[in-house]
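Below, each structure is written out as structure tokens.
What follows is a pair of complexes built around subunit A, which joins subunit B in one and subunit C in the other.
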Partner chain A sequence: MTLVAPTAPPSVSSPRPRLQSGLWFWQLALVLGLVAYLLIPIVGLIRFSVRSGGELTLQFYQEAFADPDFYRFLGNSLWAGLCTILLTLSLTTFTLYWAYLRARWLLPLLELISLLPFVVPAVTLGVALIQVFSTPPLALTGTPLLLVGAYAVVTLPFAYRAVENSLQGANVLTLTEAAESLGASWWRIFLEVILPCVWPGVISGGLLVLSYVLGEFTLALFLVGSSYQTFPLYISQLFSYQPQYSMVMSLLSFVITWLVAWLLVVITRRVPNSMQ
Partner chain B sequence: MTPTAKPIVSFWVRYPWVATALGLVPMFLGLLGFLVLPVILMVIGSFQAEQGWSLSNYLATWRGEYLRALLTTVQISLFTAVLGGVLGTLTAIVLAWGPFQGSFLPTLASVAANWGGVPLAFAVIATIGNAGWITELLSNLGWDIYAQGFTVYSNLGLILTYTYFQWPLMLLLMLPAAQRFRVSWREAAESLGATRWQFWRWVGIPILLPSMIGGAALLFANAFGAQATAFALAGGALNLVTIKITFLLKGQTDFNPGLANALSVEMTVVLGLAVVVYQIANQRARRWMN
Partner chain C sequence: MSYLSLQAVQKTFGQTIAVHRLNLAIQAGELVSLLGPSGCGKTTILRMIAGFERPSEGSIFLGDTDISLLPTNRRNMGMMFQSYSLFPHMTAAQNIAFGLRVRNVPQAQKFERVQEMLDLVGLSGMGQRFPHQLSGGQQQRVALARALAIAPKVLLLDEPLSALDAQVRLQLRNEIRRIQQQLSITTLFVTHDQEEALSISDRVVVMSQGQIDQLGSPEDIYLRPQTPFTASFIGAMNQIPGTWRQEGVWVTDSFEPSADRPQTGRLLQTQTAEWPEGSAVVVLVRPESMTVLAQDDAAVTPGLNLLSGLIAGRTFLGSVSRLSVLVGDYYLNADVPTSQQERFAPGQVVQLSFLPEQCRVLPVGDEPRPAGVLTQ
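Our next item is the complex of A and B:
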């Protein structure tokens, strides 16, 4: 699972080459093929979730949403997501700003963080963490604390990209110097000058983190398992005894991902990216 | 605030690096505790067996089912990287240069690339599983795919499933490169008398190739490290490294953390290579940006 935000097209759109109009059939086939490929499994989910013995019914939706476990486990995921957002975004925003201000040599190094989840995917991180944190002095396995710590590491790249984008746009150095010369204290500069500048980045980073945590399965399975059931663990468990419920929940997870993507588009549109 | 603050200020002024370092401490500690040290301990653990230092974990991963799992994972990842890479690149070119310019498709693509995991596996089962709707549709048309040996719980099923996120991911990775392709580059080629084939051979593909290779390397890494989708799709029926690791850590009969460590280290080496390829390709691709 990788998070890639839809990129806004370059603001100064230079004329691009046109494809030969004779290729229109292949162009259409490719685009329609992609749309069909992405939507056909969703149709499968919907169909499976509304059919009971050849009849159409919403019974599974009613039952699935009546299950108190659903609210508990979705709540667990949301809670882990919120904690991760707080941890990873405050850390990223602060550290990036600090690096911009005082340690520019660190920026290329920080950029490497964005490649982290490809080198250390969830499986590897899970293998590494489960062994360190299961021995007594640090026995955190099974607690949401460990899960949030792991999520904070894995989601750093999303937070990094989002915040970095807005920091680049705002001229933080000049703003900080201006605020300093007016006698603002350091905390005041960070909270009242810098934070409003990077707010859109923080929000879109937060949305990406939330979407990731709500769908994350591997680390939850490795690090907490049944002692802190998360939403994806619940979906996977439901499949063995009530597959229809699990289809309903899978559909819900698709809707949530859509909502997040849509919100991201809205935010990117409303805040013109001053810098590319 | 005023009189007592003076010596403190002068301390920060005299030793500015202390403040600089202090500000970086939280991130540093977090990465150290939750990433660097655990990974180092994992590497150490992979070289240890019951009697101390040993290569036995690695030797065990290079034969039998574990070797097959490594090879299968590499093959499937390569295959989906190439398949998704080609489809995604072509779609990106059509989107950037063709008549379908809008944000609906990129948004749909980002949803599909981000979704994945357990729900995707179940959606695929509901589509081309034993009782999936496409399976039923085809069998009503007289083509029973399961009678002909197809099953979704197989490498082919996994490839079809991974393509669901690889294709849109490549589309998103290639779109910026395709959008930055200048019409003047093509006009220059045409005014020099280049044919359509010559344009692609000497201009189009050389400019897009670094981005393509970089994207394909990320796709490879993406498939190689994926666990949730495969685990939910078929569990132990698939012989993949990530599935093996899951059973080595979580299984009752297979429990063997040392072996899991060794497999994880090997994964990290392969993924590191993929990311190096990505970095090099990306450097070259940037020459054409702006």
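Our next item is the complex of A and C:
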């Protein structure tokens, strides 16, 4: 009879290698660092906005909500944002759809054009637009029309990228031809077939445009100034003589941007269904 | 009078002629396949009939109406595409109803028609599913139902089965034929798959370089090819170049005879034909028409063509094995039943025998052919 020395049962799970656990620690540290980097300024803002003479108070919030200028200038910004969304997204969506159907060779050129706003600083664009649009017959300086036009240009990269990604994912040509063979007109195809397919891209493009416009300062300062004061201009103006009040406004601007974005998502999600 | 006809239709893209002065007449209720290799112009023809492309020259008639310039959305033609073309945000039922909605069909009638179409394609009860909840085969069935729902004048199918796996393809192909016959709908089917075309068509149009190479019934195309291209494109075919003589076709053994290797040859008995004496011809024999005999089996049968050669290779094809036999300088393909494949091994000398009736003779055209025997 042969005796066999007892052996240890095979371990179910091998211990995690040292290197991996070190990596895990650094990953967590990186994520926490990023969260802190984003949250600390906001926490500071909140803390500063609720303190007066060493005591906690909501006085500045009450004043903000009672201030008619708050609603007026916020309304100006929102209105400019919505008009910009409408203009940029219609231009982008129609142009890209047309290019996908009839002129694919044009796509690289369109992409290049869409990136141009990134290489033109807002100050340069602002000064250039004033030069061009300050004399008749195109005396538009100081009007919201010029501001929306300028915003449409600078937000083009955001809208372009979002819509283009959606169009790339949808089989646009075949879907159009299928709908056409079933008797649909061009408008019907666009509204009932193509738009619902690219809707996620249109929504995210719209959100990017809106958040850009609600925080944009330089172009507004150059092109409209006090004649069509936007919310960021108002905050900047307050900052010089009522810093704490401007903190409250900044915080509200942040919250409102989130709220409007959320509202836009909720509303627009329902639209494709109602189209059918 | 034909139901759909193309008269001298030409389509050019820049300097490229995609379709070259093509004439085609299709009868009502007929299923005609356009068959050919990639780039032969078959899809361009379909797209011109659908209205997605305009002919550069010529006219397309539906009955006695010239529809060449009619917009696609006014042609009333149902189309099925190669890629899945269902509207992704609509259910199967909504997809089928789309064309009816465009035509303002009343709700009750529309509902009834959608159910009828779902039943027809075997998808009853699946109307509420979205395309992403359906398999590829089911999506193509919905696409077929959608195309048929509008009661189109012509059904256009642009390689609708090519994205599907083999089994589903076979099943759906039979379904398409059943539905086409049930509805007696004039159908044009574009494919590069010869088996698909031969199995479901009333007539097959074999296309090459923007022109019709041969038009005929599936049997005509397979058994009586009129050109070397059709012969080589449809199924596997041995092509043996030779010279036409009164008593048969003289076939030489080698391409390049030399002083130390004199030219030898043999006379092949073929189907009767009327070609000028001494003209260059090609003898066409299908691999399945050849009988392979081991050297010991070979018995001289009067009137039978007999070629001696060396087995160079063997390919297993399922029910048969294909032998590649070197005869002189030529490789000929011959099929043997799989049950007998063990009798034949590479390096073995065998005899190939075939009946004169199975040898079709065609004159050599201008089209370039690779030297030696063309096999598929």
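Observations on the model:
Note that in this section the second predicted complex is superposed on the first by the 224 of 276 C-alpha atoms of A that agree within 3 Å, B and C clash if a C-alpha of one lies under 4 Å from a C-alpha of the other, contacts with A are read in each partner's own complex, and residues count from 1 in each chain.
The working rule: a contact is a pair of C-beta atoms (placed from the backbone, for glycine too) under 8 Å apart; a residue touches a chain by one contact, two chains touch by 3 or more.
Predicted, not measured: the structure shown is a model, and the values here were computed from it.
Look at A:Phe48: by the touch rule set out above, it reaches subunit B but stays clear of subunit C.
By the touch criterion defined above, A:Tyr61 reaches neither subunit B nor subunit C. With both structures placed on the common chain, the touch criterion links A:Ala99 to subunit B but leaves subunit C unconnected. When both complexes are overlaid on chain A, the residue A:Trp79 reaches neither subunit B nor subunit C. When the shared chain is aligned, subunit C comes close enough to touch A:Pro196, but subunit B does not. Judged by the number of subunit A residues each one touches, B leads among subunit B and subunit C.
Shared-chain residue A:Glu180: touches subunit C; no touch with subunit B. Overlap of the subunit B and subunit C contact sets on subunit A: residues 276. Within the complex, the subunit A residues that touch subunit B are 1-7, 9-10, 13-20, 24, 27, 30-31, 34-35, 37-38, 40-45, 47-48, 91-92, 94-95, 98-99, 102-103, 106, 115-133, 149-150, 152-153, 211-212, 215-218, 221-222, 225, 232, 235-236, 239, 243, 246-247, 249-251, 253-254, 257-258, 260-262, 264-265, 276.
Residues 50-52, 72-79, 81, 83-90, 94, 98-99, 102-103, 143, 146-147, 150, 156 of subunit C are the ones touching subunit A in the complex.
For subunit A in complex with subunit C, the touching residues are 170-171, 174-175, 177-185, 188, 192-193, 196-197, 272, 276.
Across the complex, subunit B meets subunit A through its residues 16, 19-20, 23-24, 26-27, 30-31, 33-35, 37-39, 41-42, 45, 87, 90-91, 93-100, 103, 105-120, 122-128, 132-134, 163-165, 167-169, 171-173, 175-176, 179-186, 196, 218, 221-222, 224-228, 231-232, 242, 245-246, 249-250, 257, 260-261, 264, 267-268, 271-272, 274-275, 278-279, 290.
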